[in-house]
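Below, chain A partners chain B and then partners chain C, in two separate complexes.
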Partner chain A sequence: MRFGGLTAVRSVDFTVNSGEIVGLIGPNGAGKTTFFNCLTGLYVPTEGTVSYQGTVLPPKPHLVTKAGIARTFQNIRLFANMTVLENVLVGRHTRTREGLWSALLRGPGFKKAEKASEARAMELLEFIGLAHKRDHLARNLPYGEQRKLEIARALASEPGLLLLDEPTAGMNPQETRATEELVFAIRDMGIAVLVIEHDMRFIFNLCDRVAVLVQGEKLVEGTSEVVQADDRVIAAYLGEPFEGDPAQNEAKAAGTTKGEAQ
Partner chain B sequence: MHTLPQQLANGLLLGSMYGLIAIGYTMVYGIVQLINFAHGEIFMTGAFGALTVYVYILPDGTSMWAAVPLMLIGGGIVSVLVAVGAERFAYRPLRQAPRLAPLITAIGLSLTLQELVRNFYPGADKSRAFPSLDATHSIGSVDITDADIFLVCAAIVCMSSLAWFVRKSRTGRAMQATAQDPDTAQLMGIDTNRIIVVAFAIGGFFAAVAALSYGLKYGNIDYRMGFLMGLKAFTAAVMGGIGNIYGAMLGGVVLGIAETLASAYISNIPGMQQLGGQSWANVWAFVLLILVLLFRPQGLLGERVADRA
Partner chain C sequence: MTETKSPATPPADATPTTATRGLIGLPLPAARALLLLGGIATAASAFLAWTWTSDFPGDLTVYGYPGGLQWLTFVAGVLTALFALASYGVRGLRWLLPARNNAPLVLTALGGFGVTWFTAIEIAAKLGGLANWEPGTYIAVVASLIPVIGAFALPQEAGESTKETLKAYIAKPEAIPAPQPIAPWIQRLIITIVAALGLGVFAYGIDTQYGEIFIGFLIVLVFAVWALHTAGLLDRFSAMVADNRSFTLAMGFLAAIAFPLTQTDDHYANIGVNILIFGTVALGLNIVVGLAGLLDLGYVAFLGVGAYTAALVSGSEFSRFSGVQFPFWAAALAGAAASLIFGVLIGAPTLRLRGDYLAIVTLGFGEIFRLAVNNMDGVSGPDITNGPNGIPSIPDLKLFGFNFGEAHDLGGFTIGRFANYYLLMVLVMALVVTVYRRAADSRIGRSWIAIREDETAATAMGINGFRVKLIAFALGASLAGLAGTVSAHVTYNVVPNPYQFAGAAPPNSAFLLAAVVLGGMGTVSGPILGAALLYLLPEKLVFLQDKSLLAFGIALILLMRFRPEGIIANRRRQLEFHETGQLDVPETTTLSDEPAVTKAGA
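Right, the complex of A and B next:
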């Protein structure tokens, strides 16, 4: 994926198996969100393709969703003026059918389908614990619940692969814990999960595998231990140590001064 | 004859017609932020579609009971095709262009449609007679015609179906979602291009309903009828809060009543004798628009702009 002369994401090969949680980390600007946008068809990749379950996906967001990939957003993007239940029902769009005439005439088939869809949406709201707020407007929910609702809305499209873009951004430690439990529960439903996150503790607790993206390229992929021990990853985040590092000299100098004062 | 109840009824009828047309402006604006200035012409072509059915397709002497539904279907088909065609061939290629480009296109399309009808529809350059329903009924001190009854019933049925459709049906929900955030709506699996087509089609059909009512009520149509009606309906949509379907209907009714009352009563005010009558009706309509926009820029039922983001 290139924007003008800038290559934002370059040949990232990636496999996520169902029932697996994979983390995607990397410093700011590494191309993590761009990668998600390519996967979901928001950006048309300059070169290359996205395949899911062996078939190449067309870069049309609604077809990607239909094929079974759902996502949440780094900045919450709920339908703010719709109720909690309506938000989830919109998520069910691809999994429901409706003819124009049956909708206008409100036939029995229409009512039945609508009921079934609503029941499924309510199950999801139970699952994330927002069933009691079904008729609240999404914009009136507290922040943490908005995040949860986004996950429910994504689950409503019955995905095989769920992409979470910084699901715990701005959350307090308890909320982060709760989100961890939620992601485990989603994995146990047999859904493959790919998480972007900056909270390393969250990532290493959660993920079976972690991939590190740096400057648009996949640097390392492996278990938490492998990634944590990799020097290149540390270098990407903190920079390389080098000879004559002024910070080290300063530290030495500070030590000396201290010694003299004593 | 010209009592206050009669004037209110006249205003309500005119307003229902404005409201039906205004729906087309407001739905399209709500979803693609485009002011479809060709909508008045979509209304006009609907009237000619209905007339074609009556004059060229139905045998002479068909009863109006049978003719009106068929004329509605004919007018509806023409208006919907013109509206959807405009979207597909004029507006969709400009979806990513700066806002002025589709606006200018809309004005061009509007003139094109007018000229096409003027040049190629027999007799359309002058006004053409339209079968009217002018049998009059008296309810108390109010006289209404069959055409008025048709208009009121059609407006009520159309508006309540639309309100239900948008709030409760799957496509309606997808429409709301697309209006609020098109990118996210796509990621929910909504084909936003299809939703936009549906919005244009509904607007087109409602314009055809209004066009048929117009013909039945006034008894003649011409190729310029869409200009002023379109402008007034647009005013109604803005006054009610553009993007809001209830606002469009309310704006239409308020505008219709205000216009009728102003032309009937303003000349009774000492010193304003010259400012009454039909010729000043448009002036008062736009004065009202200016006043509403001064004190409530978002329109009567409009949301604050910040809510849309």
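Right, the complex of A and C next:
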């Protein structure tokens, strides 16, 4: 993926198998979100393809979602003036077919489909624990619940692969742990999860595999132990040790905070 | 003057809230007595003569019964007195003041004061001096001031400054006690009464013969509705409506049909039918703007396409196809279909644009339509629309042997030509309202709102943004085209001129958009109310004619400042327990920076 002369993501080959939780980490500006945007068709990749279950996906967001890849956003993008239930119902869009005519004529098929959609949406709200707030506006939810609602909305499109862009950003430790449980539960539903995160403890607890992206290139991919032990990863986050630098320790400390806080 | 009996004895519990003082230092019993007596005196003063000559609009010279503007003073006085009695806690009237707050009293008193003083000042200004005041006028002027003094003497917790205190006087309380459960048949009775009242008020407003009376009508109406709003009665009523939705729709429909029966002059039915046409088109625009969030500045062109299509196939001898005369159903379908095609043609290239770009391109296309029909006269273009002369002498509709051009007698009532068209337009509007409501509450409606809220997220949820927007655009266009087919017959002719971006009289794109924004985006009743207001104001206030655009500009700015969601707030806004600001959330707004519950004002 290139923007003018800047190459944001370069030859990242990446596979997620079903029933797997894969982490994608990297310092700020490494190209993680750009990579996500390429996957979901928000950006049209300059080169390369995205394939899902063997078929190459066209770079159109709605077709990608239809094929079975759903995502959340780094800075929450809910439909602020819609209710919690309506937000999830919008997520059902690709799995329902009722068009304008059936909406105007209101045949039995329409009513059945609406009812089924609502039942499924309520199931998902039950699953994330927001069923009691179904008629609240999304904008009035507290931050943590907005994050959860975004996940429910993505799940409503019945994806085979769920892309989570920093699901725990801004959360406190308890909420982070709850999100962890939620992601495990989603995996147990048979959905593969690809997650971007800066919280290393979260990532290494959660993921079967972790890939490290640095300056738009994949540095290393493997289990937590492999990644944690890799010198290049440490270098990417903390910088190369500089011989004889008197301020070496301070620099290290600063680098750590920068890497993990976001 | 009828200084009637002293009211029922004040109850023991004087104030429900803290014992704070009023702006005007009077004890509470005195303040309430002033309100009640002042209200009664104001109403009574309407029975006196206010001036000596009948030159002033509405005959105000008669002792014994009110005339013209005096009726409005009378109504305001009675309302004040009723609220005053309710504040005493009189049995049977307590429901008027569920929260026992001051605001309804203050507002009704101000309404009576406003309309009475407006009349008195108009008399002096119009006839030249205070010499034209009769003793009755002096009495009315003083009498209408009394309740205002009483209202501001009511105890009210003082704000930090006088301005804050004044605001507190007219503020709606945060919590309004939940109503007693009401039996369903009483609820329906109330809805029926409100529908009848609404019809009466609407008919009165349309029938006002002079600008002065219309202004007085607006003053009383605004203050009365505001008072009911602050009393919490409107909220209770909308809750009732929500429980009896189909019954309310039926009653509203009946009231709309009954309107021509209240009219003796077909001229007012003409106003009615024009309001309906304007309102129907505004409702169609509301799908595009209110639901899908697409700012369309050239919308009136679709009305024009429908009108021209109907005119061409109407059998008018000036039509290019003068031999062709479609039956109405076919003409209506043709008009809607032509608008639909036009909408898709315009939408397909432009809907890929977002926000401001779309607005500018639609503005351009709207003007292109007008210029095109202006030039298709056989000289500078193909001979289709007859150029600036338009297509005149469009014959009246005939439907199942029913001639719309003739007056019909119906059980003692005469239904004139415009009343016929009015009834047809009621059916068209009922259809459009049904289409709007059903479309809004469905998968496609939700995807429109999702696109409006956040297009990127919507496409990431699998919504084909372009397709969905094109459907909204085409649906809105065809509804406008449908209204256009009727409007061509109502006005006898079609000319290019009204279908412009902005003009002094509706319909034009700017007025349509203003009707939607003013009334309330995304609601059904909002655009209709907005259309009625925007049509009636230039019609009634003749003296504003050349400055009406300026006046509307100012009115819109004021409205956007004080009530950005429009007169009638969207259901979403009501769900939004407290107000947080604009209806449209800018694309970049992150939700997280807003506290979950915001403190709010009205």
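As a convention for this text, the second predicted complex is superposed on the first by the 246 of 262 C-alpha atoms of A that agree within 3 Å, B and C clash if a C-alpha of one lies under 4 Å from a C-alpha of the other, contacts with A are read in each partner's own complex, and residues count from 1 in each chain.
Please note the rule applied: a residue touches a chain if its C-beta (ideal position, glycine included) is under 8 Å from a C-beta of that chain, and two chains touch if they have at least 3 such contacts.
Quick caveat: nothing in here was measured; it's all calculated off a predicted structure.
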When chain B and chain C are modelled together on chain A, clash or fit: clash
Please indicate which partner A:157 is in contact with in the superposed arrangement: first for chain B, second for chain C, both, or neither. both
Residues of chain A touched, compared between chain B and chain C (which is higher): C
Touch check for A:133: first (chain B), second (chain C), both, or neither? neither
A:65 in the overlay: touching chain B, chain C, both, or neither? Say first, second, both or neither. both
Please indicate which partner A:80 is in contact with in the superposed arrangement: first for chain B, second for chain C, both, or neither. both
So in the superposed three-chain picture, is A:90 touching just chain B, just chain C, both, or none of them (first/second/both/neither)? both
Partner chain(s) touched by A:142 [first = chain B, second = chain C, both, neither]: second
Of the stretches 21-29, 201-209 or 237-245, which one in chain C hits chain B? 201-209
Residue overlap on chain A between the chain B contact set and the chain C contact set? 40, 42, 61-62, 65-66, 70-71, 73, 77, 79-82, 86, 89-91, 93-94, 96, 98, 100, 103-104, 114, 117, 153, 157
If we count contacts the way the header does, which residues on chain C are in touch with chain A in the complex? 434-435, 438-439, 442-447, 449-450, 453-454, 456-465, 471, 475, 572, 575-577, 580, 583, 585, 589-592, 594, 596-597
Quick one: in the complex, what on chain A touches chain C? 40, 42, 61-62, 65-66, 70-71, 73, 75-83, 86, 89-94, 96, 98-100, 103-104, 106, 110, 113-114, 117, 135-143, 146, 153-154, 157, 170
Which part of chain A faces chain B closely enough to touch in the complex? 40-42, 60-62, 64-66, 70-71, 73, 77, 79-82, 86, 89-91, 93-94, 96, 98, 100, 103-104, 114, 117, 153, 157
So in the complex, which bits of chain B are touching chain A? 161, 165, 168-171, 173-174, 176-177, 180-181, 183-192, 303, 307
